[in-house]
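You will see subunit A twice below: alongside subunit B first, and alongside subunit C after that.
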Partner chain A sequence: MSDKIKAMFEDFVAGRVGRRELLRDAARFGIGASAAGMLLNAAQTRALAADYDWKAHQGKALKVLLNKHPYADAMIADIESFKNLTGMSVTWDIFPEDVYFDKVTAALSSHSTEYDAFMTGAYQTWQYGPAGWLVDLDEYLKNPAKLAPNYDWDGILAGLRSSTAWSGKPGDALGGPGAKQWCLPWGFEVNNVSYNQRIFDKVGVHMPKNLPDMLEVAAKITKDAGGPYGIGVRGSRSWATIHPGFLSGYTNYGGKDFEVRGGKLKAAMNSPQSKEFTKLWVEMIQKSGPKNWATYTWYQVGTDLGAGASGMIYDADILGYFMDGGDNKERGHLAYGAFAANPNETAPTANVWIWSLAMSNFSKNKDAAWDFIQWATGTDHLLFGARKMDMVNPVRTKIWEDPEFKEKISKYPGYLEQYTATAPKARIYFTPQPLFFNLTTDWAAALQQMVAKQVPVDEGLDKLAASIDRQLKSAGLG
Partner chain B sequence: MSESAEIALHQRAGVAASRGARLLPYALSLPALLVCIGILIPFGTAAWYSLQRYNLAMPFTRGFIGWSGYLDVLSDPDFWNTVEVSAIYTLATVVLELLLGLGIALLLRERTRLNNIVSIALLLPLMTAPAIAALMWKLMTNPGFGVLSWIVGAFGLTNFKWASDPNTAMLTVVLVDIWVYTPFMMILLLAGLRSLPTQPFEAARLDGVPGRFVFFRITLPMLMPYIVTATLFRLLDSIQQFDIIYAMTQGGPGDSLMVFQVRAYLEFFQYTNVGRSAVLMMILWAITYALSNVFVKQWLKLRERSHGAQ
Partner chain C sequence: MARSDVRAAGLPRFLRAFALVLVLIFFLFPIAWIFLMSFQSNEQILRIPPHLLFTPTLMNYRALISGKLITAAGSLDLPFMRNLGNSALLSAASVALSLLLGVPAAYAFARFRFRLGENIAFTLLSFRFAPPLLVLLPLSLYFQELGLANTYVGLIWVYQLICLPLILWIVRSYFEDLSPDVEYAYRVDGHSWWRAFTRIAIPLAGPGIAAAGLLAFIFAWNNFVFALILASADKQPVTVGALAFVTASGIQYGQIAAAIVLSILPTLALALYAQRWLVEGLSLGAVKG
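Right after this comes the complex of A and B.
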């Protein structure tokens, strides 16, 4: 009987039988849910191991550097699968996001061999890659001897694959000619509106259609909701203030960060489109944002939504998703919508943040680290993360089509719809260049000054553009 | 053993003993020398980096640029904003902590059981890591649920934004600094006060000298070496402030709290601009060196005067 059961799960993994048939047959054999999960996991491990020598680095020890995040939680929950598959051991250090990238920079800049692989965002690779700290993963992706046959690189969303590859030449398009694959996408987020349906119903407002409408809806919530403020967006003096809702809306208004002319960059933050958008954005925060907006990071924006302290947020869709679970007071009251800020545009232009995995160039176990990375970004682990844990948004198209995941995500009103509406134009809208963090932090600082009315928007943006042009020139980029 | 051999042996022992005596001072100072070298290696490295164009993200641009990095920083308006912000922060924290610390020390001067308990309780903030203190204050000043926001709200300041407003951000971080470090001033000055000779005060009491005269003409001058020492410590610490400001606002809103250490930290860890970060640190070193020189000279003068008085 055990052979029959094994064969049954192997048929499912190979796609020869469907989920419904598997459940029916499992029930016939009297297999409970947890036993079925275990058997499925074992079948997947055998299937993976069938066509690729996963045991090639058996006995080796890897160490990875992780940010405290649901993706990391999912990886840790499934790490036994990797250990069983490869015979390697894995340890990790986890740091909160506030200090995580400083730790990564310290480890890499000191050429430390401690970590073999680490979590990163695509923007960070614009610093780490040209500095020579990362391995170009094309070395593995384009080598059939080192790539598991069922890895399915093309199964990762095309926009994400290109967004994590760059030539290193400032201004060159992501994924363009000569681009190096600095990291592999692991999970990602698009920026849209997550809102509190209970508060919206109480006040009698609807999901905003565009930015001018968002100003009105947010103002009405602040005025009539009896405590909650209208709109949560990030505001700390950090690059992280610029990349979510702000840049998504800014792009929708036709704003660009830089003009690329003859291989040189020129700041474009003071274009008419930029000024038009920024004026509305600043006014929105002044009238309906959190009082201490200038200290708001991902955490504050999210927890306010989950606690019912804000009516809506314009930030990562997954932030709203995470706030719709656990012990959050507003669990079950949240809804999601795609958002095109510009009244003249119908489709959103969401800037994306991609949590990815990269390999340290100073690792002593590069081939073993590659096996870890391809396992962690492979279909089986990501399917586990999407089904059993909070690994949204999945980077693989196949997982978006998985019935179990679809069923799970359908419980979040409008989530799948906002994703579907946003996906076609979702990508990184920043111009890749190595001064990304200086210049976007300056941008955030300028926004803070405008919101605090220290400087009018027009003047603030002109000053910002002039300052950025000076820095670009000084670095030989402008 | 012949007599001549015995003499030779004694001579050799004598030479060895005198050589040992000559080397002893060097051997004793060897640990200090090693520590000094240990300190100078990173210092020398930073000085060397400050003379280079060195951004980790652009390794191809690395090269020796001499004083250009310094000139570049000194001609940047943002740098002068940093100088101004650092000066205001240092002056405000040191002066207020000195006045408060002195006031509390005077109140606790008598060795009573209550004073002993109070002086220990007052030391508690000093035992809190400044970054943790900053996070506590961040919660207490939260406009939604912070206890301090509630208190100022009760006085009509319902829209007080604390560290989120450029107009009140400096006040907020200065308050946190005062909360953490006033006990440091207090404990040094209290130790000074309690070690002062009692005779001048007894004589003044017998002569019926007014309290204000005693404070300004006897207590303060005698306490001055302690005041200078405590001020020097706090001054050097304040001008190098990082943790409170970074934990609360990362130098914002805008550039309103962009002190030296925060700017240097951001330049290195977030912008990977090693050269510029090193320039800022070297300038900060020069400032602290000059300030400590002035204070140490002042302290030596005061010590000489007090020794002369004895």
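Right after this comes the complex of A and C.
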């Protein structure tokens, strides 16, 4: 009987039978949910091991550096699969997000051999990669001897693959010629609207169609909802204020951060498109944003949505998703929508944040670390994370089509639809360059001045562009 | 006449009490509010407007002490008590080592004149001014070579950058305040300088040493960056550990409040216990001249 059961789960993993058939047959053998989970996991491990020598580094010990995040929780919950598959041991260090990148930067800049692989965002690799701290993962992806045949690199969304690759030359397009794959996408977020359906119904408004409409909807919520303010967006003096909703809408209006001419960068924050969008954005915050907008980060934007203090947010879709659970007061009241800010555009141009995995150039176990990275970003682990844990958003198209994941995500109204509408144009819209963090922080500071009415928008953007051009010139980039 | 005298005397007293209450409210309100928050769930804390009346819960303390937080979203591992233990170990051991090294050194600087003495003392003091990150990055390279990276011994050594200059300079000023005549008299009786130091100088400078030790303990306890850069997650102090409640999926305000209450308890208890020496010691140092 045990051979039959094994064969049954192996057939499912190979795609020869569907989920319904598997569940029906498992029930016939009296297999409970937890036993079925274990058997499925074992079958997946055997299937993975069949066509690649996952045991090549058996007995080796890896150490990874992780940020405290639901993606990391999913990895740890499934780590036994990796250990069984490879015979390697894995330990990890988890640090809170507030200090995580300080730890990563310190470990890499001191050439520490302690960590073999680590979580990173794509923006950070613009510093780490050209500094020689990371391994170009193309060395593995383009080597058939080192890549598991079923890894399915092309199964990862194209915009994410290109967004995590860069030549290191300021202004070169992400994923363009000569680009090095500094990290592999692992989980990501698109920036769209998450809104409180209860408040929307109470006030009698709808999901905004574009930015001018968003201004009206937000103003009505602020006026009529009896407490909550209209829209939550980030406002702290940080790069993180620019990258979510702001840059997504800005791009939709045709705005760019830089013009690249002859390999030199020129600030484009004062273009007519930029001015048109920024005026509306600033007006929206002044009329319907949070009172302490200039201190708002991911945490405040999310907390207010979850607590019913704001009517909607224009931020990461997964932020809305996280606020739709736990002990948040508004859980079960949230809904999601794709947002194209420009009334003349039909499709959103969402800037993305991509949690990725990178390999330290100072690792003493590079090949073993590669096996870890390809397992963690492979279909089976990501499927586990998406089905059983909070690993949204999956980076693989195949997982979005998985019936079990689709069923799970369908409980979040509009979530799947906003993803489907946004995915084709979802990518990083910043121009990669080494002064990224400094210049986007200046951009956020300029926004703060405009919102505080210390400077008119036109003048503020002209001053910002002039200041950025000066910095680019002195760094030899402009 | 007598009644108006009472009134005249009563009014300033009333005003004084009123001013005192205002000052107390101003300074203690944040702490009191955090204390109240530590007995509320996240949902209670985030109510708009905030309520002063609530049904208290011990769930935050239970979660911190048991190391597991069970919420509707799932289970979260909390290594907070380990962080607390790390802070206690690192701070106590660092201060103990600094006292062991710093008190004799302070005595030497106070009592003896030797070549480059002042230069050495100022060099030690300058450690306090160096930006930590400037020191830590090169140090982490050396620590890897020496096998001290990610060890308690290595961290206690680095914590000397905080504790040793503080203890050395504070205690030195106390020794300088003490008249050397008592020690000379003791030595004339045939005792060694070491016995004079341990039997006479240390007991007389006791309050100063206690004050310096306590201050060094507080500085070490509040340190954030040394362990973050030089050690793994399992050796992090409470200052880093408390940030674990700020996660991508939300901020656990209740646990943060409970963590603050728990993390100030050891220093608070120590400060209350040593308050008498602390005030005496600090004021003695302050009027040196």
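In the analysis below, the second predicted complex is superposed on the first by the 478 of 478 C-alpha atoms of A that agree within 3 Å, B and C clash if a C-alpha of one lies under 4 Å from a C-alpha of the other, contacts with A are read in each partner's own complex, and residues count from 1 in each chain.
Please note the rule applied: contacts are C-beta pairs under 8 Å (C-beta built on N, C-alpha and C of every residue); 3 or more make two chains touch, one makes a residue touch a chain.
Bear in mind the structure is a predicted one, so any value in this text is a computation, not a measurement.
Asker: Is A:D154 contacted by the first partner subunit B, the second partner subunit C, both or neither?
Answerer: neither
Asker: With both complexes superposed on chain A, which partner does A:P130 reach: first (subunit B), second (subunit C), both or neither?
Answerer: Only subunit B is touched by A:P130; subunit C is not.
Asker: For A:S236, select first, second, both or neither according to whether it touches subunit B, subunit C, the two together, or no partner.
Answerer: First partner only, subunit B.
Asker: Give one of first, second, both or neither to describe whether A:G326 is in contact with subunit B, with subunit C, with both, or with none.
Answerer: second
Asker: With the two structures laid over each other on chain A, which partner does A:D51 touch: subunit B (first), subunit C (second), both, or neither?
Answerer: neither
Asker: Which holds for A:G306: it touches subunit B only (first), subunit C only (second), both, or neither?
Answerer: The second partner, subunit C, only.
Asker: Touch check for A:P70: first (subunit B), second (subunit C), both, or neither?
Answerer: second
Asker: Now for A:D102: first (subunit B), second (subunit C), both, or neither, which partner does it touch?
Answerer: both
Asker: A:S112 in the overlay: touching subunit B, subunit C, both, or neither? Say first, second, both or neither.
Answerer: second
Asker: Following superposition on chain A, which residues of subunit A contact subunit B and also contact subunit C?
Answerer: Residues 102, 106, 109, 309 of subunit A touch both subunit B and subunit C.
Asker: Could you please specify the touching residues of subunit A with respect to subunit B in the complex?
Answerer: Those residues of subunit A that touch subunit B are 101-102, 105-106, 109, 126-128, 130-132, 236-239, 290-295, 304, 309, 434-435, 437-438, 441, 444-446, 448-449, 451-452, 454, 474-476.
Asker: Going by the contact rule set out above, which residues of subunit B touch subunit A in the complex?
Answerer: Contact set of subunit B toward subunit A: 55-59, 61, 72, 138, 141-144, 159, 161-167, 248-255, 266, 269-273.
Asker: For the complex, which residues does subunit C have touching subunit A?
Answerer: Per the touch definition, subunit C meets subunit A at residues 41-43, 46-48, 71-74, 133, 136-138, 140-141, 144, 149-150, 228-229, 232-234, 236, 240, 243-244, 246-251.
Asker: Touching residues of subunit A toward subunit C in the complex: what are they?
Answerer: Touch list, subunit A to subunit C: 68-70, 73, 93-99, 102-103, 106, 109-114, 227, 298-299, 302-303, 306-309, 318-319, 322-323, 325-329, 331, 390.
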